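Please find the structures below.
Each of the next two complexes has chain A plus one more chain, namely chain B in the first and chain C in the second.
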Partner chain A sequence: MSNPSDTTQPEKSESPAATPGTESSGGAVVILFFIFGLAASMVLGWVIFPTLLYSKKKQPVDFNHALHVVEVENGCQSCHFFREDGTFSGRPTLESCVTCHESVQGATEEEARFVSQYVEKNREVPWLVYAQQPDCVFFSHAAHTIKGKMDCVTCHGHIGESDHLPIYEVNRITGYSRNIWGRNIAGIKRNTWDRMKMDDCSECHIRENVRQASVQTEKGGCFVCHK
Partner chain B sequence: MKQAHGKTKKFGMVIDLDKCTGCGTCMVACMAENNVPFRKDETDKRLSITWMQVYKLTNGKSYPDAEICYLPRPCQHCEGHHSGHSPCVSVCPATATDYDSETGIVSQIYTRCFGCRYCMAACPYHARYFNWWDPVWPGDMEKYLSPNVSPRMRGVVEKCSFCFHRYQLAMEKAILEGRHELEEQEYQTSCTQACPAGAITFGDLNNPEHKVHQLAQPDPHHHGRPKNPKVFRLLERLHTNPKIYYFSSKEWVRRAGDNYVKDESKSDHHE
Partner chain C sequence: MKIDRRSFLAFGVGGAAGTALSPLPWKLTDDSSIWSQRWPWVPIPVDGKIGYAQSTCMLCPGGCGITVRKIDDRPVKIEGQEGHPVNQGGICILGMAGLQFLYGPSRVKTPLKRTGKRGQGQWAQISWEAALNEVAEKLGTLRADGRPQGLACMTDTERGTIPALLKRFMTVYGSPNFIGPASAQDAQETAVRAMAGVDGTVGFDVEKADLILSFGSGLLDGWGSPVRMFQAYSNRQDRKTQIVQIDSRLSNTAAKSDRWISINPGTEGTLALGLAYHIIAKSFYNKVFVDNFSAGFDSFKQKVMADFSPAKVAEITGVPADIISELALQFATAHRPLAICGRGRGSAPGALSDTMAVLALNALVGSINSDGGVRFLPDPGYIFWPDPDLDPIALKGNEQSRLDGAGTGQFSHTRSLPNRFFEQFGSDQRNVPEIMLIADANPLYTLRDTKAVQAALDQIPFIVSFSSFMDETAQQADLILPNHTFLERYQDVPAPAGFTRPFIGLARPVVAPQYNTRHLGDVIIALAGQLKGTIIRAFGWDNYLACLKDTLDERWEGMIEKGFWMDDHFSSPSWDAMFTTGTGRFEFNGEKVASDPWTGAVAAEGDSSTFPLILVPYDSIRLAGGSIGNPPFMMKTVAATVLVKADVFVEINPETARKYQLNEGTPAMLTTPKGEGKVRIHLSEGIMPGLVAMPTGLGHTAFDDFLAGKGVNVNELVGPVEDAASGFDAAWGIRAKLAKA
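Up next is the complex of A and B:
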């Protein structure tokens, strides 16, 4: 294969009827075609398809978490707090922002835009939620952070130390945020906050023996997180 | 079976048939609470989805002895002969329906169900319903759906969940307040609270302080069979061990709860 002229020459003299030379170069073309095809489909599947699969969206206003965490008194809970009935407020409403941002505080363009477009017009900011779960999922922040004594970082990563909001990527087929499937298209997970799929929840639930009360599976019951 | 800390609960109901007027408020409250779909034409009741269904019983006699009784029927949340061997759970090939040994609630996971309907065939109470169509909510009604209950899609089975989302939300509040246990009144189903006659009582059958326990007096040695002679369960002799108890002062109503051979004596009632 490496040097077809060497092998074809003696063979040709022995039996002129056979044409092994064209056969082996044809084989090489097939193998080359296969290798290129494989490489092309790998690129298609691992790079192009995932890029096409997710549509990228910018948040309506850029937000500097690092700056705000220093300014507020109670860490994450200052804006992402529990309501009295035990439910979690999630992303803050304009009400929390207005306490400080009734007028422009700093010098950034984003803040000026936030004040003129949302605060002055009294419009809620349509924040895109990175950790939005499908609507068949029940998630209790109280059960995890109070009863389970977990940190925000365990699931949400170091968003609290970021200067800018990341680009929100949404799966064009399912409509779910990329943070659910995770950045890594192969599903490889290095940190606890890399992914938010059902298996990631159950992995911890089994380890921590959380309501492993299912009669069918003798593991976690589905009704713990599904609704 | 592993058990988390805290006592094992067994949520159940006692429905007082003497009080039930058959008004159907429980059915309406249930549909609104649980985003139960309906169609334009509901004339064929075999296709209707009613997690809570009020049945009408008659004693079959003519005037002046004719009597009727209304019997609301939610999912019976059967425990079966041994823990969790309910008719539906034991046949489900998809693990879409499950028995929770902590609460005693039979769950139904719609995203897991693939619609084979074995459970519907297995359920002796007709408490399970199949979605033959995707739900269509007229006008702006979609905005009125409860975010606490996921709407179902075509091709899955659904049934009463004892308003499990209410348990979840009550637990959230309890956790925030640093408690592990719920008060009796903190977790009540929608039908219980809606009943204008106060015929439905809901609570933990394992807890002697709860009203359901006092009314039904479940016998732990006989699979929860009621010790109160005026209380019965539907199809007791199938050993489904349901958690819905019915109270009636009338003998013919209590007899209507099970199938009897024509001349079977009263003493056979409890085998």
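Up next is the complex of A and C:
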């Protein structure tokens, strides 16, 4: 025990009352630093982290849903339709677009680029899909919209009324779209379409009294979506 | 303000508290768990439009109809075709794994020319034009030298338009050396040609028989059309059908049968004649058939009575005399008895007498062309091409005798003898062909005594392979002109093995060719075009598809739609009209069979003092046979009592194990007169003492890393034994010894 601080320690403790101001200011400093730490990490967690976590990507072509919904005959289903075998087509392929866009329609720059880059070269547009779920999730549009009579908005929000496609934000760690976790980094949602995590599926499944067992295995819960 | 250690601590605690109150840790936890599900090597199937395409499986002689599930243009799954007459929607494990042949790493993706020494695996990619020019130039030179018979061609089937085109090419070129396969199916057809005079295929009506007596046929191990056999097996209880399996080991088929009769290997034909003894002695035979529609019965009877007495047969076969007599009674009194033959999967022909004995047994009870019996079907004749003009070189070449001796003299009933073909090289250097074309066959793996086959191949100056895969024989080629796989091409697939009606399946491309390959039919026509003269005149089609359409004629439309053509109105001719032998009757002893067929069982090669044990190969549905290499999916299903890492297990009785001080899993050296192999021991009560059973389909040296170098090729250890009556390879095993390694 040859540490010199050992010898100085008793001296300090002998005169505690001699420095009362030092003690209170010391306590304030501690509290101040606590607040600094708290504030810095809150800023990091709430503001900096989300910005770092998501990278922003622009869709290959801007698309005006509002305009198209007016032009087409059958609403959303004109382009997002069920195939004959009951599977859902999802985003339309070039084949659907070409029925109208064989040549440039209207005068926008995006339209001209779409026709020259994709239609004329017969290249599929590599759309970025906001609602793409992991491959381990079995999801059937038919079960929800035909059997469950749900509308598109319940899950997809008002994208069908938008003039421009929103910026696509991709999670750098998971590779999935920000729309799955939701815009709110805390995961708080106000609308049904704000978040599309597993709990959001099961929340509705429980509320709507969806059969909680797989038809094939009679096993509960997980097997409804994770086949 | 004094910043000290406590301040830092406070900052840290504040930071921790703030972090906990922010979404950062919770979000990161969630994200990292999702990240761990998305390793870059985890395959994520691409989504797309689901579609189906139908075709015919060509991975075995079974001829099943298949439905291929596709996502956009990509085939993703093979299923059985619903309502297909052969497989009724079912599919076997090999068919299911068929897509791995399309996408697998063993494919030859473009024409290859050997650059290193043979078998070194050094290749240069060349264009189709360069490859075809090289083959055409070599063929032209050989022909100009007046030695067209120096061209030989080997295939793994003699049925359909592709072998017919190759055969036609050989004929107009001037060579008789078109060598097809020799399997149990070929042995059955040869026996039917000899006994009934019918040139066609042999069907077994397993669905209608009420007693199936299987002489070693692995009904559940890949025999005939495997899916059809599974179905006949699984619904036999509804039909109250009994299945009796005569087998030297407790195979899967034996285990699933109603009764298993253990027999000394290689003596199945002797047992058949032993049963005939009782049926004749007790007058249980079908007198209508024997008296009115057969010939040679008296001499057959004499032979059976003299040489196949119960005591003698019991001694040879190891089956007790009372069981033989009981079995004979059961067979003779069944309503629709059926005896079937072809050991295991039926890849080896065996002695002609074994097949003839089983056919004679069927004939004795009248199970010929009857419900539940054996059906002799005429070839589904649809290839009617005009005879080609032959120039003097071709005429002279075709006069030369075939190297394998099939179809002439003592082997007049046999079509092809691949084993004999290679054996002839040694006797006379002039017998060695100068150019050899190999299509779909893999003789270096499938023929017995592979070392001898290798030595024979080494002597051939120029080998051209048309294989879609880098198989053992393709590795030895000088030039590979890869064919499309069965999923990428049109081809007729006639006469599924053992099917009971005239039938032609049609393979249709379910996907565009994935690589720079060409249809063999187109390649033959292109080569003929380069050789000009009478050769191209024999091929009046622009391409193979035109040839196929032209050949199938009015059947084409229906086949494109349904995937097959079947003669729905076919009925077997009655006994008085069906036999086209000299006597017009069923010949019990065969017609023009040079040597006495009833000489008894073929002995295993080797002397019993040096080699006290007997090695018998066995087939399994989990290991693909023939020229096809087992795909990776199937390798995963091979049991740990058959293969562990690179070690194959041989099955022996615990008594044998005690004698040689071997235990379960002991590494051992298995030696036969033909070679040796490192194996491990698996003990089984299902095999008799003195036998060593080894699975077929392992020990590949080619194909991919999932298959190559695993186990031992049993054909390296077993040598061929020539059958005097047919020239077929009659070997069913070989003498062997086992020693701790």
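FYI, the second predicted complex is superposed on the first by the 203 of 227 C-alpha atoms of A that agree within 3 Å, B and C clash if a C-alpha of one lies under 4 Å from a C-alpha of the other, contacts with A are read in each partner's own complex, and residues count from 1 in each chain.
The rule we apply is simple: a contact is a pair of C-beta atoms (placed from the backbone, for glycine too) under 8 Å apart; a residue touches a chain by one contact, two chains touch by 3 or more.
What you see is a predicted model; the values in this text were computed from it and never measured.
*Asks:* With both complexes superposed on chain A, which partner does A:Lys149 reach: first (chain B), second (chain C), both or neither?
*Replies:* In the superposition, A:Lys149 contacts neither chain B nor chain C.
*Asks:* Would you sort A:Ile31 into first (chain B), second (chain C), both or neither based on which partner it touches?
*Replies:* In the superposition, A:Ile31 contacts chain C only.
*Asks:* Mind working out whether A:Arg190 is in touch with chain B, chain C, both or neither, as first, second, both or neither?
*Replies:* After superposing on A, A:Arg190 lies clear of both chain B and chain C.
*Asks:* Pick one for A:Asp85: touches chain B only (first), chain C only (second), both, or neither.
*Replies:* both
*Asks:* Contact-wise, after the overlay, does A:Gly221 reach chain B, chain C, both or neither (first, second, both, neither)?
*Replies:* The first partner, chain B, only.
*Asks:* For A:Lys121 in the superposed arrangement: first (chain B), second (chain C), both or neither?
*Replies:* neither
*Asks:* On chain A, which partner touches more residues: chain B or chain C?
*Replies:* Of the two chains, more chain A residues are contacted by C.
*Asks:* Looking at the overlay, does A:Arg207 come into contact with chain B only (first), chain C only (second), both, or neither?
*Replies:* So A:Arg207 meets neither chain B nor chain C here.
*Asks:* Once the complexes are superposed, what residues of chain A are shared between the chain B interface and the chain C interface?
*Replies:* The answer is residues 85, 87, 134-136 of chain A.
*Asks:* Going by the contact rule set out above, which residues of chain A touch chain B in the complex?
*Replies:* 82, 84-87, 134-136, 138, 140, 142-143, 146-147, 209-218, 221-223, 226-227
*Asks:* Touching chain A in the complex: which residues of chain C?
*Replies:* 1-4, 6-19, 21-24, 26-28, 30-32, 34-35, 37-38, 44-45, 47, 49-50
*Asks:* Name, in rising order, each residue of chain B that touches chain A in their complex.
*Replies:* Chain B residues touching chain A: 1-4, 83-85, 89, 92, 95-96, 98-103, 105, 107, 109-112, 147-151, 161, 164-165, 168-169, 171-178.
*Asks:* Enumerate the contact residues on chain A facing chain C in the complex.
*Replies:* Contact set of chain A toward chain C: 22, 25-26, 29-42, 44-46, 49, 53, 83, 85, 87, 89-90, 134-136, 171, 173-176, 181, 185-187.
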